Amino acid sequence: MTHWIIAPILIPALAGLLLLLEVRERQQLRRVTGLLSCVALIPVALVLWQQAAQGDVGVYQLGNWQAPFGIVLVLDQLSAMMLLLTAVLALPALLYGCAGDDRRGPNFHSLFQFQLMGINGAFLTGDLFNLFVFFEVLLIASYGLALHGRGTERVKAGLHYVVLNLAGSALFLIALGLIYGTTGTLNMADFAVKAQALEGSDQILLTVAVLLLWVVFGLKAALFPLYFWLPAAYANATAPVAALFAIMTKVGIYAILRMQALAFSDGPLAGLGADLLWWLALVTLALAAIGALAAQRLGGLVAYLVVMSVGTLVAALSLGDPKVVGPALYYLIHSTLICAALFLLCDLLRRSRGDSDDRLESGPPLAHGNWLGAAFFAAAVAVVGLPPLSGFVGKVALLQAVPSAPYWVLLLLAGLAGLVGLSRAGSTLFWRVHGDVVSKKLGRRRVIPMLALLLASPLLTVAAEPLLQLCGGVAEQLADQTIYIRAVLGGAS
Amino acid sequence: MKRLLPYPSLTLVLWLTWLLLNGFSVGHALLGLILAVVLPLGTRPFWPQVPLVRDRMGLLRFVLRVAKDILLANLAVALKVLGPVKDLQPGFVEVPLDLRDSFAITVLTSTVSLTPGTVSADVSEDRTRLLVHALHVEDPQALVAEIKQRYEGPIKEIFEC
Amino acid sequence: MLESAISLTFGLLTVAWVLNLYRLVIGPSLPDRVLALDTMYINSIALIVVYGIQVDSKLYFEAAMLIALIGFVSTVAVAKYITRGDIIE
Amino acid sequence: MMLPAIVLLPLLAALLPMFTRHLGRRWCALLVALPVVAALGLLAQASLPIWEGGMQQWSMAWLPSLGLNLALRLDGLALLFCVLILGIGLLVVVYAHYYLPAKDDGGRFYTLLLLFMFSMLGVVTSDNLLFLVFFWELTSLSSFLLISYKQYDSAARKGARMALTVTGMGGLALLAGVLLIGHVVGSFSLSTVLENGALVQQHALYPVILCLVLLGAFTKSAQFPFHFWLPHAMAAPTPVSAYLHSATMVKAGIFLLARFYPVLAGTDLWFYLVTTAGMATLLWGAVWALFQHDLKGLLAFSTISHLGLITLLFGLNSPLAAVAGVFHIINHATFKAGLFMAAGIIDQQTGTRDMRRINGLWKYMPYTAVLAMVASAAMAGVPLLNGFLSKEMFFTETLQSDQLGAMSWLLPLGATLGGVFSVAYSARFIHDVFFNGEPVNLPKFPPQEPPRYMKIPVEILVALCVAVGVFPAITVAALLAVAATATLGGTLPEYHLAVWHGLNIPLLMSVIALVGGIAVYACRRRLFTWYARLPEIDAKRVFEGRIQAVVRLTAGVTRRLQTGSLQGYLAWVLALVAAVLVWQLPNLTSFTGERAMLPVDGVSVLCALMLIAAALLTTVLHRQRMMAIICLSVVGLIVSLIFVRFSAPDLALTQLSVEVVSVLLLMLAMYFLPARAKADSNPLRVSRDAVLAVLIGTGVAVVALLVMTTDTATISPFFLENSVPGGGGTNVVNVILVDFRGFDTFGEITVLGIAALGIYALLSDLKLASAKYDPFGRPWAHDAHPLVLVTLSRPLLPLALMIAVYIFLRGHNLPGGGFVAGLITSVALLLQYVASGVTWVHKRIPGDYHPLVALGVLLAGLTGVGSWVFGAPFLTSTFTHVHLPLIGDFELASAMLFDTGVFLTVVGATLLILANLGKLSMLDDKKETT
Amino acid sequence: MDVLIEWLVAIFVVVGGIFALIGSIGLARLPDFYTRLHGPTKATTLGVGGTIIASLLFFSWQERGLQLHEVLITLFLFITAPVSAHMLAKAAMHRDLKRMKGTRGEPWKQ
Amino acid sequence: MELLVALIIGVLVATGVYLCLRARTFSVVLGLTLLGYGVNVFLFSMGGLKINQVAVVGASADPTDPLTQALVLTAIVIGFAMTAFLVVLALRSQGEQHSDHVDGQDGEQRS
């Protein structure tokens, strides 16, 4: 029995709590506490990945109660990979926050840690109701973070975000109730087994439950018509928060993938609700591309790029084809890190542009225009999927894996829309300038985390083959749900 | 002793409450006692001054009297409630207060409110007058006198102020 | 015997409740409505206690006790809101 | 290893200026030129086997799982392009050194130029289709940066964006096409693909593949109707134009045609598509070139025209035509690069590019004039110059083609017409610039010959024009042969590179072109007036307008959806839910299951009706907020009673106590909100919402009924069986909460704690205007802390705490537990706040509840961690029965400790929330009292 | 004995119910707020009291031993009910609610 | 009885949904609260209804499903936390946008 599995939940929880006990004025101490936690999460995630990579699924029976009765944490390659991604994202995001954004309101550091706790918990749990609980943990923390700092727009966007997610939570509970009412269990593996045996009205009820779950996860993942809250919420969030939020939509995608792989990949329920996801995702992709073209602000544009990545991923994953999962995971990692980098970059630009903010209109010249411009160019190239950066690899991999004309057309056109949008944005922000430089400061403490995230793209490109193999391995493990089920339920079920 | 048991009556009440809730056993008697001592100490800052009960027997007599009043007046009020509405003669009466201690005044207002037919509507800010609303009052002066004699007097004696 | 008495009492209490709701709806003033709500709370204490007798179970007693102990806090809050607007100041 | 070195050397060179730019432009140029020269040297060495009909290949695995390998191949075609790219690139490097303005250190320029060179070399040497696309897109990106080199110039930015958009679109199409080819052939290796042309052409996807690849080629090569970006790319510095827009990048599209010739050509579809595009481009470019007053504009359109010519040649499906196409690639690159450089010199020396002002330069810079005139003549197809040779071949091939059947004469006609205009604009370039009277109002006057070394690149290029034109066999034949062989995929047709083919129709066509062209030029005045009367079509403005229109359209669509209205967003979500229900539930055959329902009784019915009434009242009266709160409380109360009725006392306790706290919360908030809300829903909205509400309500009720009346085997028996032996408590609900599913509870209290933190953060420095008067306009009551409330609330505190302890301790075995106990404690404390005020309370207890929250969650968490000591997983409970004399048996359970954590968190969080909310009003003291 | 207890329980239960109902009748039919205030705060105390006594008797009889914890409900109600009534009266006076015709005396200004 | 409970669930959910769709923050709070009640009763009902069969070992012959109750308890607490957050956020919104419209001043102008 290894306790490592629960560490990604407990470490940020502990840090978050210690932060509450610390003296509010001792900002440095608070930063160190938060950063230490984030730093610690990386080796922990690596250790867990190491364990998971050996092919066994690790199960942690909380309270020593066996599944399906107690709650279990399950560590397979997918969850390990998501944990690692979260850890890798969190550190630069928090570092960026430590450059001053953390002072813009109380409890930033605690909320940040609890956010991590919720995300990690959602990736680890093998229990549906516990997934709900961790969703709530990450949501409530995200509410706090989304509203961190001040500003009317932020409050408005935050209000929308909160209300929609509260409605989503209610739906989640209804779906969970139905799942329990029809299958009599809450454990994911047990559910996967029991669900196969349902027939008649129970099966219809289960279908309703699953479709509702897709709605809930779709809301988190930001699928059409559930994504409307996202552009405003992300564009108006404080930069480190927006960067961290890049993983939030992926939690929804993870949940969809997990459920689908476990219960709806084959057997009588194969492909349950997949059509719904497929069409919603395609529409999402199209509308996000449209939104990206229409964006009036860089933050909004980046937010739409996030939505675009969601559409790209969910459409691919909805096919339920194990071949798709590997490329999709690669793309997921790429888009998470790059969108996060773009949010940070967007904030750096805002800071240099004074009142012009991130509006896509003529503004003051930038003091470090060349460097920022180069970074922006790289990020843009990466995010729209042009060579030589990781987006290209991800896009090619996805296109190869998804043999569908509408998907190809939409994905390519969305890429073009992103290209047009970003080139317009870039040439406006960097080159359509008038007047004098507003702010000379750039702040190394902000630039380094941003570059660190941006560096992910070339690294992902260089290491694309091993990574794709890795992701393929994850997909392979995922494709055989009996591995997971046997690990969780033992020989029992 | 005074430091440990600032409010013996309260301790007693709490202890009895514990025993009522849990039934009597040595364990609960002990635990209850501990709680009954600790809780008043812990919440002590919340009550700066509460008068001590001097006349325990007087308190018991008073409680019984009030209980009897509640029972009887309840019947009377029930008749009024069910009877013709237009016969009602409600009214506000002001009772001048001799009590000065806030706790004692509160006990009086509660008593008035608990006995059917009257409700303590307000206490003047200088704590010299009590405003009582009566459901049916034929002689306001008599009501004032009754409240003062039947309740205020005993309360004054119980808390000796 | 006891069964019918209890049934009768349930009937009485329910009618009482309906009357409370009636007052709550027609008001006319806010204090009237709050008073009606308060009365509903108190009637539900009786309801729970009688239910406990009916099903011969003491497991519901705490619910009644809880209403008696903290049910009035909402009433006080609304009353304070009416007089002061601000209930914690 | 030579091949990668050839490709990578320019990349290396691109990085140099970063370190050397402080040394000045001279060093920059020199250091950059060296690797290029080296690359040329390597190329020469690498080309050795190619002359013998061989080929060089190199590959390294990069992404084998995607079929994307770092594979390079140097065959004749690649060699030809490499020579052009490196050779002309070197000349441009030299030329740019003199061309760039003095204040420009050239660092950025050289970096970008060499990046482009690197990309271009990659395109032409890739032996893997995906790798080719990889470089293809890089050329788009680097050319974007080069065109926008003068970044603060609006025309440069717009031109660059236009180029990027068009070529980017083509690149995506090419990617799709290449992926399809890979799908069809089963490999992305170019060598494999080239061997499997038949496979591709027979495949059902061939038309799609062809269209996609051609889209890529045509956009890059500025074929009609994608030609419009090229003239606007002239905003780039002239060396860039010379390099990208004549010699290399625009040839990438042509390269693609040549590269895929064995795979895609030979079909009718190929013929029609490629020939049509080529012919249209040829004519369009040629005609408009004449009317350009801008020197570079003329050259740009002429480039378009020549690109059309080459495309047309490849479209003819004849090996000889392809050879001619390859030949013209070489010739065009040399004379056009020379012309651009000459134009750059003129621009630099006169300060303008307007041919209406530049006149009679012959007098001022005769040497340059000679060079430019020779190059122009080559462009016009004057004999003894290289342009003539390939143009002859072109005319011949148009005559040979019979694929249009009876309409076949259209091709030579078009070709001749193109020739006519080609001569006309060449004549204009020569005559308008170097003769035609005196210069008009030049910004720089008098113009002079440029520096010596600036002319060298032009001299070399012009010399090549002449050399090839006169001695084709010894200068270019070998290169052409290997390139054409590679293009055709093996066999080379018979052809003769000769200056004189005798008197034949192509020669006649050339003569017609020459004579006709001069005639057209002679009538130029009339033509210009005609042109001036044409509505002015500014492609840039049209394109920008289109883009703007797209943006407007997208903005419109986005505004429609992204309304910024929460109601709209929520309606979408709920509509989706309703749709799911409406879609699935009609499949149900029955709304009840097999289990018999419990009998109904009057009290339950009445209570239920009252709940429904209260819920509906809340809805109807939601604008009267106090009324709504009161109705909501009724609902909450009855819900608690439902829990009592159906054997859930724990829920009833929780619901009741949460209810009280919630009402306090709402009352606190009400003070700052308008007491009555405005009505702002129109009937349509109301009915839409009502429909959604009824649909969802009905759906949920139906499924609830069905589940309630169906027996399902669940995991609950386990809890009932193991509660006492395993969890040490008889209250199964509580044992689940603190033990079986304690982790949920841990998460739940964390949520509560986080909510409190978030709320604290939200409340900090929030300033709200509170009502000065009550809703009736009266001043507020005077008495903030009524005596009776104050005095009675105080003894209630220890009493309530006593009850809390009781509820807490019994929780494990009987209804109760840490959560309810915590709420009771909070309510008792909140009552103190209500009665006596924040200041009074905070004098008695510390007002910061953050640590309490932290301690609570920490305690629960540490209890969980404690089990590690015993080698058990997180939150493993343990309990023991202790026997003490006098007191008797009692149980100690670690779950109690956990529950204490719950208790503390609840107290801390509720107080943190409500006390801080209560403090809000202390910020403004505007309250009026009697 | 059993029958006697059962009767007693029954009587107290019904009495409780009746007084609860009377209190609510008062709330429903009395003419102004101040008079309505008397209905519930009085009758419900005895109404609840009746059921409490019944419960007390019933469970003492069932469990063959004195069960008094129900008394606590009354204790709490006696502490809290007057506070609610008092606060509501103050609220009513603040709102200057209409009084029944013929009401003697004046409420105080708040 | 099940029918009655289903009816209650339906009404609570429907009224909750309707109020959530209103334009004022306070109405949305009300709506989410009602929806929360409905969902809690729904979740509770998923274990089936039993009368006087409290899930206390030894107290009942055929105890009711304790698991759904535990879930509802968690849901109630989380629901409270969320409601509290929303209420305070509504205040913040009022404070910054000077409107209790869910879309702030924009919504005020629209309607």
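Letters A, B, C, D, E and F mark the chains as written, and numbering starts fresh at 1 in each.
Following the convention adopted for this analysis, a contact is a pair of C-beta atoms (placed from the backbone, for glycine too) under 8 Å apart; a residue touches a chain by one contact, two chains touch by 3 or more.
Note that this is a predicted model, so its numbers are computed, not measured.
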Label-sorted list of chains bordering both chain D and chain E is B, C
Compute per-chain Cα centres, compare each with the mean of all protein Cα atoms, and return the closest chain. A
Taking each chain's centre as the mean of its CA atoms, how far is chain A from chain B in angstrom? 62
Please compute the C-alpha centroid of chain E, do the same for chain F, then give the distance between them in whole Å. 31
Between chain A and chain E, tell me the centre distance in angstrom, where each centre is the average of that chain's C-alpha atoms. 58
Whole-Å gap separating chain B and chain F, where each centre is the average of the chain's CA atoms: 40
Residues of chain C that contact two or more other chains, please. 10-11, 13, 17, 30, 34, 59, 65, 69, 71, 76, 78, 80, 82-83
Residues of chain A that touch at least two other chains are 129, 133, 136, 140, 143, 147, 156, 159-160, 163, 167, 174, 177-178, 180-181, 186
At least two other chains touched by the same residue of chain D: list those residues. 564, 566, 570, 574, 629, 645, 649, 670, 700, 707, 714-716, 719, 740-741, 744, 748, 751, 754-755, 758, 762, 774, 781-783, 786, 788-789, 792, 795-796, 799, 803, 814-815, 917
Contacting chain pairs, sorted by label, are A-D, A-F, B-D, B-E, C-D, C-E, C-F, D-E, D-F
What does chain C use to touch chain F in their complex? 55, 57, 59
Please name which positions on chain E make contact with chain B in the complex. 19, 22-23, 25-26, 29-32, 34-35, 37-39, 41-43, 45-46, 68-69, 71-72, 75, 78-79, 81-83, 85-86, 89-90, 93, 99-100, 102-108, 110
Complex contacts: residues of chain C adjacent to chain E: 1-2, 4-6, 8-13, 15-17, 19-20, 22-23, 29-32, 34-36, 38-39, 42-43, 45-46, 49-50, 52-53, 56, 58, 61, 64-65, 68-69, 71-72, 75-76, 78-80, 82-83
Mind listing the chain D positions that touch chain B in their complex? 782-783, 786-788, 790-792, 794-795, 797-799, 801-803, 805-806, 832, 843-845, 884, 886-888, 890
Listed in rising order, the residues of chain A that touch chain F in the complex are 129, 133, 136, 140, 143, 147, 150-152, 155-156, 158-160, 162-163, 166-167, 169-170, 173-174, 176-178, 180-181, 186
